[in-house]
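See the structures that follow.
Both complexes shown next keep chain A, but they swap its partner, so chain B is in the first and chain C is in the second.
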Partner chain A sequence: MTVAFWVLAAAAVVFGFGVFRLNSMAQVTFSLLASFVAVAGLVLLLGLSYLGVVIVLMMVIEMVIMAVFMIMYMMNPAGLMPMAMYHNKPGAMAISVGTFVLLATGILLVDWPRRTGAPAPDLTFALGRSLMGEQMLTMMTLGITLFATIVASVVLATGRGRYDRLGDDLDAPRADDPLGGGVGR
Partner chain B sequence: MTLQLFLLTAAGLFAIGLYGALSQQSIVMLMMGLELMLNGVILAAAACWYFLAPGGTEGQVLIVVVVTAMAVEMAAGFAVATAIYRARQVDMTDGAADLKG
Partner chain C sequence: MNEPMPIPAQVTLPWWWALLLPLVLIAAAWAVTAFDAVVTARTTGRRGGFAVPAREVARLLVGQRRRTVAADPVLWRAGSAVLPVAAVLAAVVIPLGARPVADLGIGVVWFNAVEVLAWAAVWMAGWGPNSVLSLVGGYRFVAQGLAYELPHMFAIITAALGAQSLRVTDIVAAQHDLWFVLLMPVAFVVFLISTAAMAFWGPFDAPVAADLAGGAAAELSGADRLLFSGGRWMLLTTAAAMAVPLFLGGGAGPLLPEWAWVVVKTAAVLAVMVWARRRVPRIRMDRWTEISWMVLVPLTLAQALVVSIVVLAQGGL
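So, the complex of A and B:
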């Protein structure tokens, strides 16, 4: 247990640091994925088997999608040149080191409360019951948020929608397209 | 394996993510920094659940919320990046400093 903790914790931090140190986009993406998998391993180590597996599955898919977007939007996707795309590096380093020192001080100095209660025999069942019971409001908020995200991202990502083509009342006789052609035009 | 060690690891991940989010010029790399920060939050939530109040399910629910927040952040972030790139070919944060005041 202790060995597994140290290996996974070191892996999570080292791969996390690699995200901003490696040169190729592919390496960066998979370094972030490795960091997520290490954290999922730590979550599994704490006995949360369902959530650990969910994190692994979600992050694998998310990083593969991210790789596609990185190749779309990075100026140097192949990593043939060293990537130096920083602004205000010393300031950012000072703020993040300061944040870590502040958090570490709090973590080490706070008199943490004693462990109370025992884990439920079936943690996944307990989580499901909780999400469908007293945490129903949380679950509904998450659902609405995800739906709003779907709508918002489609609206933002659409280049020319039907209102651009057919007018505000959708009653233009001919679609206003930059190029002619297509069905019936 | 103690609460402090888990929280220190989480704080390390959070600080590295903060460094990335503040220092990277590319919008995609900035979002990776945000993801790394949320990664630390997941670890801290799991550790607090296990070492402080394993009887309840609030820690687990918090992890579900954070995982959802990661998905929302990714989707909304890439949608915004697509919109601003389409409008004026901006793929660096320095090109989108209109609201700097």
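So, the complex of A and C:
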């Protein structure tokens, strides 16, 4: 347990630092992914298996998509040339190291309370109960807000919407697509 | 620090199965490769094909590593190596008979999380060699991933919903009276389709297609190529084997022991996939995205709704 904790903790920090040291955008992305996977391992060590595995699932998908977007939008053509991953190096370094030191001293100095309750027998179930029980309204509001944001951003970003494809009254018999196929509407 | 939940000893296989599992998976993938080679040989009017996997493995093991200009060797090698590792990790929750190697309480989520590593693997293998064709192949797989992943998750979660558990052995137990393939046929079909897309197999092999001279695998050679294509076969085998506990009642069946039924059912699923690859023309991932999101996502959601109503009507939760 303790060995696993230290190995994962060291891996999380080393890969996290790699994000600033490596000079390829692709390597940086996967270094960040490795750091997150190590954090997911730490969450698993806490006995929160569902959360830990979901972190892996989400982070892999997210990082691969992020790699695509980062490379697409960076000023450097296709991200293929080596480049430094930091701007304002001294400032960024001061802020990150300062934050780390602050948090670490906080963790070490705070007088943590003793545990009083016992963990639920099935933590995944307890988490589901908590999210879908008392916090249902919050979660629903949050979910709908997030979903509305996604839809709105897609609508704003889309180059060719349904009116371009199917005419102003959406009554064209065939969609006007640069490439045919799909469901053929 | 609280201890993880104790797992009853009889539920999981003995610990040394963890060492045996990669070998079992390699043997199974080997058999599928040989079967596929035999079918290929027959369609071209030749005999044999059994020796193809052995010959390929031997050829790739002694093959030289190809070098490209300004490659990214770290990601390139990692991409090839991650595929077989992901396949083995995904297989630990599959019951080989009555019991899996690890009976995780969140088994189906684990399976899904590990197989998603294929996204990273194929993209890294495509990115690594600094070659246009393989880079295009890597991007193709990411696009395809976005298309298949949502229906895939909904199909898996529908099976979990029917059993009201994320534990794979619970899902098998819940099919005691009725196999889920009958209760949720749409989810089963979508699972098979999205599985083929996940292993870039069958009509979904555009990421490694011949029009890109091999796509993401274009510049792979030697041991790297062996890991990549072997890993892909292992991933396909694992995903097909997962259809058995999720939808086909696990090891349930008359006469034969449970492990034999798992083998028979897995072989049947794989035969369907080998057959489908030869019957269905390759589909472009942008077309597939539209079909997947416009047709399969609503279908799987409707399927999940039907299953939820059935579960509630039976007095679940």
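Observations
Assume the second predicted complex is superposed on the first by the 145 of 185 C-alpha atoms of A that agree within 3 Å, B and C clash if a C-alpha of one lies under 4 Å from a C-alpha of the other, contacts with A are read in each partner's own complex, and residues count from 1 in each chain.
Here is the rule we go by: contacts are C-beta pairs under 8 Å (C-beta built on N, C-alpha and C of every residue); 3 or more make two chains touch, one makes a residue touch a chain.
Computed from a prediction, not measured in an experiment: that's the story for all the values here.
When both complexes are superposed on chain A, chain B and chain C end up sitting side by side without clashing. Legend: residue contacts after superposition of the two complexes on their common chain; A:Met132 is shown touching neither chain B nor chain C.
By the touch criterion defined above, A:Val7 lies against neither chain B nor chain C after alignment on the C-alpha atoms of chain A. Contacts of A:Val54 after superposition: both chain B and chain C are touched. With both structures placed on the common chain, the touch criterion links A:Leu179 to chain C but leaves chain B unconnected. By the document's definition of touching, both partners, chain B and chain C, reach A:Pro119. Residue contacts after overlaying the shared chain place A:Ile65 against chain B and chain C alike.
Touch criterion not met for A:Met140: it reaches neither chain B nor chain C. If you count the residues of chain A touched by chain B and by chain C, you find the higher number for B. Once both complexes are placed on a shared chain A, the shortest Cα to Cα gap between chain B and chain C comes to 7 Å.
Residues 1, 45-47, 54, 65, 119 of chain A contact both chain B in one complex and chain C in the other. Within the complex, the chain A residues that touch chain B are 1-2, 5, 9, 12-13, 16-17, 19-20, 28, 32, 35-36, 39, 42-43, 45-48, 51, 54-55, 58, 62, 65-66, 69-70, 73-75, 85-89, 91-93, 95-97, 99-100, 103-104, 107-108, 112-113, 115-120, 123, 126-127, 129-131, 135, 138, 142, 145-146, 149-150, 152-154, 156-157, 159.
Residues 1-5, 70, 72, 74-75, 78, 104-106, 109-110, 112-114, 116-117, 119-120, 123-124, 127, 130, 139, 142, 145-146, 149, 166, 284, 286-287, 289-291, 294-295 of chain C are the ones that touch chain A when the two sit in their complex. Put simply, chain B touches chain A in their complex at residues 1, 3-9, 11-20, 22-29, 31-33, 35-36, 39, 42-43, 46-47, 49-57, 60-61, 63-65, 67-68, 70-72, 74-76, 78-83, 85-86, 91-94. Considering their complex, residues 1, 24, 26-27, 30, 33, 45-47, 49-50, 53-54, 56-57, 60-61, 63-65, 67-68, 80, 119, 121-122, 124, 179, 181-183 of chain A touch chain C.
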